[in-house]
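Let me begin by presenting the structure, written as structure tokens, before commenting on it.
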Amino acid sequence: LEKAMKGRQPTDLMLRCTVLDAEGNVKTISGQFRRTDLCSEHRLNPRDLRKIDSRIPNLVPTILVRKEAILVNILHIRALVKADAVVLFDTYGSADSRLHSVFLYHLEHNLKAKTAGLPYEFRALDSILLSVLSALEAEMVFIRNLIGGLLAELEDDIDHDRFKRLLHYSRRLASFSNRAKLVSFIISLWVVDTLVTDPKIPVQEALEEVLEQDEDLAAMYLSDKNNGITRKPSDHEDLEVLLESFSKQVEEIVNEAENIQSNVQSTQEIVELLLDSNRNALLALDLKISILTMGIGIGTLVAGVFGMNLKSHMEENEYAFLVMSGLSMLVAFAFSYTGLRRLARIRKVGLATNNKKTNARYRWLAHYWRSKRDGWP
Amino acid sequence: LEKAMKGRQPTDLMLRCTVLDAEGNVKTISGQFRRTDLCSEHRLNPRDLRKIDSRIPNLVPTILVRKEAILVNILHIRALVKADAVVLFDTYGSADSRLHSVFLYHLEHNLKAKTAGLPYEFRALDSILLSVLSALEAEMVFIRNLIGGLLAELEDDIDHDRFKRLLHYSRRLASFSNRAKLVSFIISLWVVDTLVTDPKIPVQEALEEVLEQDEDLAAMYLSDKNNGITRKPSDHEDLEVLLESFSKQVEEIVNEAENIQSNVQSTQEIVELLLDSNRNALLALDLKISILTMGIGIGTLVAGVFGMNLKSHMEENEYAFLVMSGLSMLVAFAFSYTGLRRLARIRKVGLATNNKKTNARYRWLAHYWRSKRDGWP
Amino acid sequence: LEKAMKGRQPTDLMLRCTVLDAEGNVKTISGQFRRTDLCSEHRLNPRDLRKIDSRIPNLVPTILVRKEAILVNILHIRALVKADAVVLFDTYGSADSRLHSVFLYHLEHNLKAKTAGLPYEFRALDSILLSVLSALEAEMVFIRNLIGGLLAELEDDIDHDRFKRLLHYSRRLASFSNRAKLVSFIISLWVVDTLVTDPKIPVQEALEEVLEQDEDLAAMYLSDKNNGITRKPSDHEDLEVLLESFSKQVEEIVNEAENIQSNVQSTQEIVELLLDSNRNALLALDLKISILTMGIGIGTLVAGVFGMNLKSHMEENEYAFLVMSGLSMLVAFAFSYTGLRRLARIRKVGLATNNKKTNARYRWLAHYWRSKRDGWP
Amino acid sequence: LEKAMKGRQPTDLMLRCTVLDAEGNVKTISGQFRRTDLCSEHRLNPRDLRKIDSRIPNLVPTILVRKEAILVNILHIRALVKADAVVLFDTYGSADSRLHSVFLYHLEHNLKAKTAGLPYEFRALDSILLSVLSALEAEMVFIRNLIGGLLAELEDDIDHDRFKRLLHYSRRLASFSNRAKLVSFIISLWVVDTLVTDPKIPVQEALEEVLEQDEDLAAMYLSDKNNGITRKPSDHEDLEVLLESFSKQVEEIVNEAENIQSNVQSTQEIVELLLDSNRNALLALDLKISILTMGIGIGTLVAGVFGMNLKSHMEENEYAFLVMSGLSMLVAFAFSYTGLRRLARIRKVGLATNNKKTNARYRWLAHYWRSKRDGWP
Amino acid sequence: LEKAMKGRQPTDLMLRCTVLDAEGNVKTISGQFRRTDLCSEHRLNPRDLRKIDSRIPNLVPTILVRKEAILVNILHIRALVKADAVVLFDTYGSADSRLHSVFLYHLEHNLKAKTAGLPYEFRALDSILLSVLSALEAEMVFIRNLIGGLLAELEDDIDHDRFKRLLHYSRRLASFSNRAKLVSFIISLWVVDTLVTDPKIPVQEALEEVLEQDEDLAAMYLSDKNNGITRKPSDHEDLEVLLESFSKQVEEIVNEAENIQSNVQSTQEIVELLLDSNRNALLALDLKISILTMGIGIGTLVAGVFGMNLKSHMEENEYAFLVMSGLSMLVAFAFSYTGLRRLARIRKVGLATNNKKTNARYRWLAHYWRSKRDGWP
């Protein structure tokens, strides 16, 4: 515990970052920066910086708007977006990741392309969200294929090993679904009012909830703040359309993950029923065998009795052998037949109640009632 | 991933659309249009256009109100409704669909009929929602029949194959229920206040939530906007009644889907209990057979013992055979009887606690308590 | 689908209604009215009329307040309440229903009694809600008795048929619970603020949510509207007390239905455990029998070996018979005993962990931890 | 139904009440009062009176604030609290209840003690809530002991009877939990804002939600209303602290009840797994016995074959007996050994997937993926 | 009950506290204080004091803001924070706890360090929350290791004892998760608006919800209140950042606990499927053995029949022995083969429906339907 408490003190002061300048060029790749320098340079609270510190693993994503910067910590991306620079913090062990390099390539390209009409910080945000979305989609496709393949295999044969793989896959699916939901939630926080997109409506400014939202959104226009342009709170259509679009796509992914989960769930339930039903079939066959064995046992008993070295007074009877053989077979057959008939009666299972007596009362009530209910929807 | 990121660039620029003019006549059927032309012609953001692009499959439905158009993407319908035109985007592979042609026929008819008192864009919306509703209802009826039939079959006999079909049907039901809920949600977003329908109440304009809703709804009156008529935000009774009615009907469908789901669920639970109970019956019968077999085995042992080629000193006894035969039968019977009685004791299962000793304490407490609780509801 | 779409056109224009006049007298019983006449006479939108059209079955109840009428569609009652008339629409096939005649009798009586201090439309509403409540209560009592009886039967004996009946009853319970919840919801929508009952507090008018509610409630005072009396929005204590009382009682019914459902649920779970436990007992007995059978089989083998027509060189030994008989019995006993002891060890199942080794680590950790946690609640 | 409808008419007009006067002395014990007298004396609406009528059993508790009285109906207590009197309505069959007499004693004592600084009506309310809390706590302790004891017994041995008791206890727990939740809900309705307790903050009066709450709370100061003192709405610290404290304690009880429920739930799940696992162990032992029996059977068959009264041409062979005996034993052993090895292979169940082939693809994918995910949290 | 009611009277008036003064020095360690003295000294309501009384165990945590003090009762910490002193109440039996001494050390250190810029009361709060967080994290890590280890063991082998440990661990996990959620909830109450952190926005003061929050937060600046500084309600960035940070970290812990719970849940489900599937495999092997046993029994019967001391007229036949031996083997083989083939047919279980007839109708419908649905998402 002491360690845990002290672990919170800033012991190791260096962070690895990749920095892109206002032109979209990569200035530094995985350079070492001192924590305190970063704070003072970007006017950040050390507490804020800790939130995007890559060495502290965390699941819950964050988007924070500070005076001169937007801090983003979603999935594999931990970035500080300013009006004229983007600082990407290296996440633990991901230096060689292909995902990261694609992201960096796209970000560079996007920052250089000024024709899109969006300010610098939004182009960066756009790349970040796009990378997050790609990562989620790629994992979604991967998991969907895994589980889809497994369910298809279960169509053919239900066996041990597939259950074990199902367990591994559902754990992964649950973890993915959880992550996607957290991302969806954090983005949707910024798109409360996805329907009001016409900035012409003045009365909107009186709506408090929306207003608050507006301010937060407006606070994101870092470039304008830098240039001393004061935006009207409601004037942020670009950003809203950007966020709304991502929000919708993440929502689709969450929706699909939930569909797969419910699919797996119902498959499990039915597989259990199938196994149960199969077990009953096995038991029934076992029972048949037992019954036949019992019949045979009876025949053997009869034969054994006459095999005793005792006087049965039939030793010399010419037909005794045939009669006794026939008798033992007959007894075996009779017992087996009785057993099998009884089994057949038990095996027949349906949902229809066929107990005449106990039902009589229910039926009467039901009839009495139906007459009333008929008038109902 | 690279592909995914690039796939987002507008590579294929043509879209297939069906266009209806202000008179309700079909101008073009499945004509090819360039994406950029559509955007500039209808003053759309390319991002918005992507939402109704038929080649991107999506589950979450959308209704977007833009300056000159309403964009609708629900189930099989992807349309752009303007004050004087309707553009229907062909959904993937559905050119020959009967559903689509019925919809087109109805839409044409509805747009031509000007007597309804509704403006052009609402008549189009009415047809669209009606088609959505019909599609949902048709699938609802189809699934209800499938599952109803299966449950009826289960009444007769519970077997393997029916479980497998149950799995397929419940997957489909879950998927349908999910789709219906999403549609219900998107429509209900537009009908927040279904109860306030009297537009005479002025104080209403102070209610913020409703006001916001009003503006959105008012923004839908594209014809009036075009003709320069400014509507009072609260003056949209027509539209609200239209939406309210559809919302209610979709809600009924969702409600029914949930009912069927809970029905399937409780059937599964009871089927499991039935299979369990049936298994116990099978086991009990098996046990009876085992007990009898054991009895027979004992008889055989006795017989076998006297069948040994050893001197039992009873070889010459006249009655030894009968005595021993009788004895072996008796032993067989005695063992079987003991076994069967024990079985009968185990088989009797009820929920009533019949353990006298452990219960004593509970009863005392219960009695003590009941005296107090009696005064309670 | 075409049919479905056309089915929406008003093809059959006649409705069967029962009309009561301002004095509470029945003017017409099950008379035929044309749809259009009804609309024009009561100034209704045809779309509204469809909502209380008895031929369209619907589960979701509705209370709509229009300019001159209140439309009610709850369970078996579909009515149009005006300030001086009540129109009851015949529900499908319910002409002879006893429920309906009791309701009509009560309504007539209630409308004639002017002493209650309530205006005409509220006396009608009171009768309607009372009838709905009676219907819900009667079905609640009926289902409670059905299920209570079944659970009591399960106390005695758990068998097949009772599961099937349980399935039927729980389906009915679920359907009832769903209906009751929908009714409860629609009524509670009108009683949002059950706590504010002192109409003297002026500041209340500033409360928006409540205000909106007030207007809706005030809009229900049809008589006053007719007589040109404008009520202050907050002046509707009578109506609120009326609704609040019904809301509370419906809530009790919903609560009880949920209690029964959870009761059924936990019974099912325990029954499953009981069946499982019973199965284990059966298996254990089966195992005992198997072990004994095996023992007997060994004896038989020994006897059989000496029964072979081969020279065992003991044929003439005087005591060989007794020795071998005893030996075969002993072997049988020894094997059986070993088997039964092993069974007894397996049969003993408790929740206490008794694995000493694997637990050691856990215990140490638990001990370490407990010392810390002791300081906690 | 008729009866139900008529049952609502006030047929029996007498109520049994205990009345305490302004000094806290008991004026009447279980005296008979006419309903109408009570209404007129305390200026109550008959509908309100019905809510605390002890003969109508109801689960949902109520606290109603009327002009001159507070009506309380929680669990065993049905009371009418005024500024100078408390009327306790006898609940059905509880005249002799110990709980009730303790409550009465405490109430009397509390009303007489004027030093507490609280007005008369709050001292009464305090006693009432305290009695409710004591009742809940006592039942909580009782149920916790019952279930704790049962779970401890399950630690030792899982058997039939304990499941049945578990069912009874969980039903009771569910019912108790439901009751406690309803009480918690009704009290928490009065303590919406437990955090704002500093009445010095004037701006608070602008907060609508809180304001409304304030009025309701202020309306409870019956004494002040009687004395013509108008309280500022926000000036009700005493009452709030009183309610807040009870609310917190009821919440603790609800929380504990839920903990016990989840505890019972997870115990049930594990018990099911244990029974399943035990069943497999039983089956495996059964299988061992079966395999041995089969082996023995084969020996017996060999012996039987040589026991036939047919010429085997080995009758005179000196060693045939030993060879054949040995052979039969060997065959029995060989078959048994094969069977047991096969069983051992099946018995070994772990969650690790050990299917090399099907896994290859998965592993590759997993590896490919892990490399990416490594960079993630 | 009487006891319970009286137990609420302040019978034992002494409390053990540790007091830190304004310089952060420990003034008293575990000193005895009289309850009334504490109340008067810190101007507390006795009711408030009871909430942090260490002898009453309680799960629901509390943070109360009073005029001159903040009362904190979370997990193992019960403290009274003032602008110039911190009073820590000893929790039951925790005097020797290591957790507590680490906390005390950290608190002392933190209070002495004035450079942090935070006022005295917030530095105390910071230490308290940090200690709570450390305790939660330590227990989280402990439980995660326990359960992770157990799940890893289950990978190897599923056995009895591990289920029992699983039960104990999940109970502990559930209890921990519950505690963490309550802590998360109480902290999040103070951080409603985690997004609005720019105190420059004046319009914010109009936002009611936030405003209320602001006042509560501002009320926490005890030092300023003491020094007569009136803070603007919205000026509390320090505190908010502090709370927000803890809130986020507790949320992570709750999230992880839920992940582990869902992991355990899905493992249990799959283990059940595995046990079921294993049971079927056992049954199938049992069945094979039974079938072979039956075959052997038939052979034995044939041999027994010819072993009877009756005339079969084949006694002298030279080849009868071989023929009969062969015949008995053949019959045994034939029966066994038939049985095993039948078993193989039953054993094959897949999810694919292979019933051609019943499916025909479904397929047609599905085909009919798919054609329509193709046009859908």
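Labels A, B, C, D and E are assigned to the chains in the order they are written; within every chain, residues are numbered from 1.
By definition in this document, a residue touches a chain if its C-beta (ideal position, glycine included) is under 8 Å from a C-beta of that chain, and two chains touch if they have at least 3 such contacts.
Computed from a prediction, not measured in an experiment: that's the story for all the values here.
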- request: Could you split the other chains into touching-connected groups, assuming chain D is not there?
  value: one piece
Query: How short can a path of touching chains from chain C to chain D be, counted in steps?
result: 1
Query: After a C-alpha superposition of chain B on chain C, what does the rotation angle come to, in degrees rounded to the nearest 5?
result: 70
Message: Same residues or different residues where chain A meets chain B? The copies count as same if more than half of the interface numbers are shared.
response: different
Query: Centre to centre, by mean C-alpha position, how many angstrom separate chain A and chain C?
result: 30
Task: Determine the centre-to-centre distance between chain D and chain E, using the mean Cα coordinates as centres, and give it in whole Å.
output: 19
Residue numbers of chain A (touch at least two other chains): 58-59, 98-99, 135, 160, 164, 167, 208, 267, 270, 272, 274, 276, 278-279, 281, 283, 286, 290, 293, 297, 300, 304, 307-309, 312, 349, 351-352
- line: chain B partner, complex, touching residues on chain C are 1-2, 4-5, 8, 45, 47-48, 50-51, 58-60, 62, 64-67, 151, 154-160, 163-164, 166-167, 170-171, 174-175, 178, 182, 189, 208, 211-212, 215-216, 219, 233, 267-268, 270-272, 274-276, 278-279, 281-283, 285-286, 289-290, 292-293, 296-297, 299-300, 303-304, 306-309, 312, 314-318, 320-321, 324-325, 328, 332
Task: Would you pull the chain A residues touching chain B in the complex into a rising list?
output: 98-99, 102, 106, 130-131, 134-135, 137-138, 193, 195-198, 201, 203-204, 206-208, 210, 241, 245, 248, 251-252, 255-256, 258-259, 262-263, 266-267, 269-270, 272-274, 276-281, 283-284, 286-287, 290-291, 293-294, 297-298, 300-301, 304-305, 307-313, 335, 339, 342-343, 346-352
